[in-house]
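Look for chain A in each of the two complexes below; its partner is chain B in the first and chain C in the second.
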Partner chain A sequence: MRRWVAHGGVALPLAVAACAYGVFVLPHASDYALRVLTVAGVYALLALGYGFIFGQAGALSLAQGTFMGVGAYVSGILAVRYGVAFDAALPVSVGLPVLLALLVAIPVLRLQTHYFALATLLIGQVVLLVATQWESVTGGANGIGGVPPLSLLGHPIEGRLPQLLLVWALVAAGAVLAWRIVSGRLGDAFALTRLHPVAARAIGIDTGSLRLAAFLLSAGFAGLAGSLYVHAIGVLSPDVLGFPVMITCLTIAVVGSRLRVAGAIAGAVVIIELPEWARFLRDDYLLAFGCILLLVVVALPGGLVETAERLLGWVGSRAVPSVMAGRVPAIFAPADEARMAGTRPAMTEGVGPFIAARAGDADLLTLVGVSRRFGGVLALDDVALTVRSGAVLGLIGPNGSGKTTLLNVVTGIFPADAGRVRLGGRDIAGRAPHAIARLGVARTFQTAALAAELSALDNVAVARGAARLGVGSALRAGRRDRAVVRGEAMALLERMGAGAYAAEAAGTLPPGIARLVEIARALATEPRLLLLDEPAAGLNETEQADLGRRLRGIAEDGVGLLVIEHNMPFLVPLADRMVCLDQGRVIAEGTPAAVQSDPRVIEAYLGTPPP
Partner chain B sequence: MAIAQLLVEVLALGAAYALVALGFVLILNATGAVNFAQGDLVMAGGFGAVLLADRLHVSGLVLLPALLAGMAVLGVVVALAAYMPLRRRPPEAVFISTIAVGIILQNVANRLFGAEPVATPPLFGAGRVRFAGVDASVQSVAIIGVAALLIAALYTLFTHTQFGRRLRATAYDRDMAMAIGIPVDRMIAGTFAVAAALAGAAGLLLSNTFFVTPSSGSDYMIKAYIAVVIGGWGSIRGAVAGALLIAAFEVLYPSLPLLVPALLWMPSSDAVFSQTTSTIVLDVAVLLILVVRPQGLFGEAARQRP
Partner chain C sequence: MQGDRRLGSPKKGLTNAHHAGGLGYLFGMAFATLVLFGGLPVAHTAEPAPDVPVLVPITGFLAAEGSSQRNGALLALQNPPAGVHPRFAVTDTGTSPEGAVNALERALSDGEVTVVVASMLGTQMLAMLPIAQAQKVPLITMSGTADITRKGNPYIFRFFPADSVVKGAQVKYAIEAHHIQKPAVIYQTTAYGQSGHAEILTALAAAGIKPVYEDALDVGVKDMRPVIAKAVASGADSLLLQLHGGPTALFLKAVAAMDVHLPIVAGSGLSQPATVALLEPAELKGVCGETGSSPISGETPAARDFLARYRDAFHTDPDGFALGQYDATMMALEAVAKGATSAEAVTKALATGSYQGVAMTYKSNGHGDMAHSAVIVCFDGTSRVPAVVRHYDFPISP
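Let's turn to the complex of A and B:
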């Protein structure tokens, strides 16, 4: 939460300074200065869009300049050859880059970042070559001159100042849009997707769609920027498709702050105006960009805005002992009171957060004949087991016996090679991880998979409704929604006994506590089935007993639990039944006492007794 | 004998590309990061050779050792500026810092040498040789010889010296290497030195035929990047194979009408087999490879356990 407080602290002075500049300086500025500031606005829009893919989604796209170039070409050609005005052409000049991004994204966006970077680079090269070769349409290497100025509703906007105001009005609108998208719950969903994609999918976030949305948004902003650029400059040239545009955009994003809306704008103004402020740089501005880029990457990893926030944060933290600790009780009191009064806070209609519909002792998860092979190793061999609603199934077995692989198969990370995985009568084998999560399957990981930079509270909050969150609903929900979601997340943290750690960054939590936070996050998805991978590791005996009681309570609410554990004193009293795996096969199943004393289990753990 | 002649050209071009790609993949393995400045190091090597030739008036082969040494120093400087401060940060940070290094190299070259294309001296001399009925330029044959020598030296370095074994250990598992007392930072600086020297040699070899300008690096960078992708990310042999494949495509594609005269009857065959179309076809082919076989043409799909 501190970052939002601090962010407001940066954005406000910036906005005031911008207004003062607009009122006092602009009316007396030269045409040339106005033109430079207009170009800075164009780059601000370009970088705002780049923030979605490069910042929020964390994918290094090298095609942002290309999308801007395509927007410029479409708008320029339509204006000069077909007499279509700037605003009338916008659906096409924004739409075509988005369409190009969509075409590119389908195959390329799922690739790892270094492949994605190469793919976007090649696309840029192809588009540039086509633009310079296809002379009859694009004017080839010379481009096209005489692009008419910007216009709105049939009125040409003459003069530098009105053009500048139009561009910067669009920057303001774009900034508000970007701000609403990333400052709500979607911002947390992006953070988890960026930092821990597997965990994001495990709580039902469709990471592929999220990245796609980011890529399309970035292309749309770039198309608008290109369209504005070509009309503001009046000339269409292949330079707009060149790599220096991309370099400038990247420099702006890195220098400003890739994760901040204010960063895109501040970065654009600083980088585009820099050659004007330092006249001696005029011929070597790219050299200066290179040095600045290197310097900022090395010395100010968060860029100017995040660095400013941190400085403000220090000031703030001295004034108010702890921003976070001070605010939690005020926001979350209602939820706490409700719980104390014995009524659970209503989360969604009907099904509460930890109250799955009690379906008696119905079979919830059924595996039949499940096998999974890795190369020559049969990691799961004809496995059959059942988890019942409201009951705890303990899964034991020596290291390498296939316990975690079983979890990965159930949650869709690996498909099973053979066999059926049924959840409440529905076959879920072969579905995507996020789709399985949305059917009510939640899990934790052997090493807690939390977004290290987010607080424990935000790590839980992200799972509240993140699954069903689209860009549209995020826009409507905005930040107000975040407070509600955090209230719910706080209740869940307290249910797991980790409420005291709500404000701590997840990366600094002790391993045992991180596991509790992870369980709280799993509960936040309102699961029917909860899969826990060694939840007691890293806890002392008192904490283990406490966790056991809390897990029992979750089961009593009707959730089916599958618990992998080596720690028998923890698992035996907790589990209703136990299954033992060895070399991918089920070798024993029954009550904990029976499985524990089964000679095959003892043999699997201790080896064959000497003859 | 046209085909044999083309093959010599393919080998010469491919061997030079292989040097660039090897440098790229060595840094990739040592740091886990893409060195986006690898192409600009080729350009720097080209200008370095021009500079040395102006002073010393000797053939390319004689100034090669001095060039390798100078480029190794530049490689260490790049490591100190763009890698060392970022070694605890995610690999994209190095990707971006090396983009910055590339921009700096380009613009410094532009300041020092101007934008006009210049040629490096030939390795031995101009002229052509004939052997076994094949007519080839001396330069092409010399490129193949020098590149083969450098690759053999690299192979020996990696397999027969303690330094090379330490480099490989560092590339394989940095933390483990550190745990057994290998000075990892020095090894990585050494890797940058080797990679830059290889790029510099490629700059000398290539810029005699293709000239060098401050902006000629980006093409080489893209080719090294492509070679490493289609050869299998991180595979050293794959990088060499990928480089040869790219060279084969670049030499053979524009010569297709020569080899298959029937193609000349295609409408606008001039445009279809131009250098530009060749680049477009190559780019699109690589995009398709990325879609169909992201593990590369030769690589085995690596499975990661989450």
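Let's turn to the complex of A and C:
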């Protein structure tokens, strides 16, 4: 009990309850109860898939019902018109929704928030129109009756119980697949992508590919659900493409817990069964159903499973004194984890086990004539500067002078309107942020951009080999993947002096510590160039001095540092050279002492002295 | 489910449920859960009584029509033939096939069902048919969808004239009364609309007429003026409608507002009191429509008696669906009264017998089509009560 309580999971109790139900109740259940539970299983698969795009990727897709409908239509038409059995049709009934999702993704997946939701909704309307108007193929609004029951390897599966068992076996397989994909570092990458997409790109995660993978996975699961649905119900009709199916799916995800695999299953059972339980209320049953849903959504905003996890965690916390939020097990101990991984490196200060080899004093980053305009504002105006390997360049300037914009241009978040940005002699202007990150450019943000629901350790671990994160690698590695890199991440946290906070949820970290964790995450990408945006903000003087020493150590390992900072007592001893920006232009460059005393810099900060 | 079982008026049970309050709901839900998961045996009354679940759409886009269907069934079940004491429960099927099969499975799991009052929605019927056949339980319905009696299923009995009958009457009347040659056909993108549209085209083709304009409207379309303008611009000499009740009312309002004077022969949506209530009598002037029957017109003493009892029970006017379902249910109950107490026996009685109902005489054509007559009703512009202007009796043929 201690372990599953510590994991904060409800999977085990749910599995035990399901087994008990299967053994003691199912054999005596009526056909009606079996049918409703079968339909609940279909919706569980639909919601499992929806968990990828709506839960993990955080994109409100309203096309999930459409993908289910397409799967249903493909399977139903193949079965009725061509005699193709359920299982033989699966490659097409699952593949076509995935193909449709791929086609849709090209124009739609770039959209954000409500634009994405609206676009996916409109796709559903188009498919619905095709289904109702293309009568010769789809049967139009009347649909097609006589869809044969489920079959396997040429054998029809007659009877409610065998059908239910097949559907729920597929639900179990789908749940294991989904859990394996999201339980490891890919799940962490999704979390960061969902919460801080810019930060995710800055550590080399191709967020576009992740969203695409989530969209395709959701379509595949929906296609399977649709295929099962049409064979279980026995009739094909446009209702399966209707918006109520999408609403049901969305409700299941929200009520169950959109970020939990178990949430999709629990939500489906509750949402599909609840109206049937309330039937005795006769004309009021839908009203009662709506009230109960409203109550759940308002009172349990995280959904049933997250609420259950919190309750179990509360019970577990009495037995396990360790306080651990986020996704790191409460019983996790860094040393144990490292032993498990067997890869924990020596944690000697000044040695960068994951840092690129020294590259001498070569010019690492070179900006020539870089300009960037936002409408009528010239944020960068013909900026030229150089960051050398193993050296620290301080970047100062009044607020609004263009310092952060410069970092954004270098990291590819904003393209430069003019000029060249070269990294180690290679032009990187116009490249995607994740591509630039993979070339060895890491950064932090003015406000630490960590995934609040992950532990500090996993926020760092996710950056290790982020370029290799994908569905395939997640399926191969599962949770082992995370275990392997946690040891390395721990070393980096300790190097930055934040090792004691490894197990804390990032959302609970003090601002100063969060900055250290963010720097550790940047180091995890094995950078050649590290761009820090006000790293000392929130630290006291002792911590600033400590951070300065650690940054100097990183530079001594050959990494070039570009540090934006207003805190001169921190920056001056750290920087080898300084550049001052004002109104987008470089107004001074040289040693820290020279720049500090430059009259143009003093004027920029203090204004023109009165005559 | 036992909690739903009752003898007599369903309103009694509903009132009790309301009085029970929240605690009662909780106990009820707990009991329902036990039944659902545990499959507890359901207690039966000792008195021999047919079990007649009423499974109709009383929510969703067919709520008005489904409610009429329910009311017709309830009027029969509450006033059964002497010696028959039907047990019944109303279940809302919604409008999805899933809702219909769940409702049917639930009813069947509760006990030995004698006959089922089944949804008037075609896609729901298509989903229920295999289950009815497997369980050997007859379904009596008002669905007009042609396909449901073309599946070779011996357990389906349709008491509303099939689309081929009513659309045949609609086209025939338009030709006879208005000598149409260039009709415009406006229909809905639903099963009702598409099925009727196909039959209208068939009937027109049989008369050598081809529509000059056709348009399909989503049920969400509110502004009918563009489609009317296009129909007029096409040179149409008449408008044949196959629209649901609400859209029919919107269409006729727009026609009146645009001062279009083409002859209009509408579908059965026009004959529903709820549709007519949305229109001023003047907006209805000269408009005709087909239907299986028009109880509100009170053509016969039996129809007037039905109208009075229906109004008394439900405080609203009946339409053809209500009367058709009343007749259907009464035919099944009469069969029970005559000794057909099992589902199989009722099936046989429905398949082979003949019944003189309030609206017409019902007899199966061998495929479960029981109604073979249609009427045309027209409004004179002074009242919302239409007059039956033409009867069409079609031969009973397979």
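Going forward, the second predicted complex is superposed on the first by the 559 of 611 C-alpha atoms of A that agree within 3 Å, B and C clash if a C-alpha of one lies under 4 Å from a C-alpha of the other, contacts with A are read in each partner's own complex, and residues count from 1 in each chain.
Convention: a residue touches a chain if its C-beta (ideal position, glycine included) is under 8 Å from a C-beta of that chain, and two chains touch if they have at least 3 such contacts.
It should be emphasised that the depicted structure is a prediction, and the values quoted were computed from it without experimental measurement.
Contact with chain B, but none with chain C, is seen for A:297 once the two complexes are overlaid on the shared chain. Legend: residue contacts after superposition of the two complexes on their common chain; A:247 is shown touching chain B, with no touch to chain C.
Judged by the touch definition given at the top, the superposed model places A:286 against both chain B and chain C.
After overlaying the two complexes on the shared chain, residue contacts for A:511 are found with neither chain B nor chain C. Of the two partner chains, chain B is the only one touched by A:408; chain C is not. In the superposed model, A:135 makes contact with chain C only, not with chain B.
In the superposed model, A:278 lies in contact with chain C only, and not with chain B. In the overlay built on the shared chain, the residue A:21 is in contact with chain C alone; chain B does not reach it. When both complexes are overlaid on chain A, the residue A:159 reaches neither chain B nor chain C. Residues 132-133, 284, 286 of chain A lie at the contact with chain B in one complex and at the contact with chain C in the other. For chain B in complex with chain A, the residues that touch the partner chain are 34, 81-82, 85-86, 89, 91-93, 95-97, 99-104, 106-108, 111, 218, 222, 225-226, 229, 233, 276, 279-280, 283-284, 286-287, 290-291, 294, 303, 306. Residues of chain A touching chain C in their complex: 21, 25, 28-33, 35-36, 39, 132-133, 135, 140-146, 229, 233-235, 237, 239, 242, 244, 273, 276-286, 288. Residues 1, 3-4, 10, 13-14, 17-18, 25, 28-29, 31-33, 36-39, 58-59, 90-92, 95-98, 101-102, 105-106, 108-109, 122-123, 126-127, 129-131, 145, 147, 151, 189-195, 216 of chain C touch chain A in their complex.
Touching chain B in their complex are the following residues of chain A: 58, 60, 107-108, 111-115, 117-119, 121-123, 125-126, 129-130, 132-133, 198, 243, 247, 250, 254, 284, 286-287, 289-291, 293-294, 297-299, 301, 374, 408, 413, 445.
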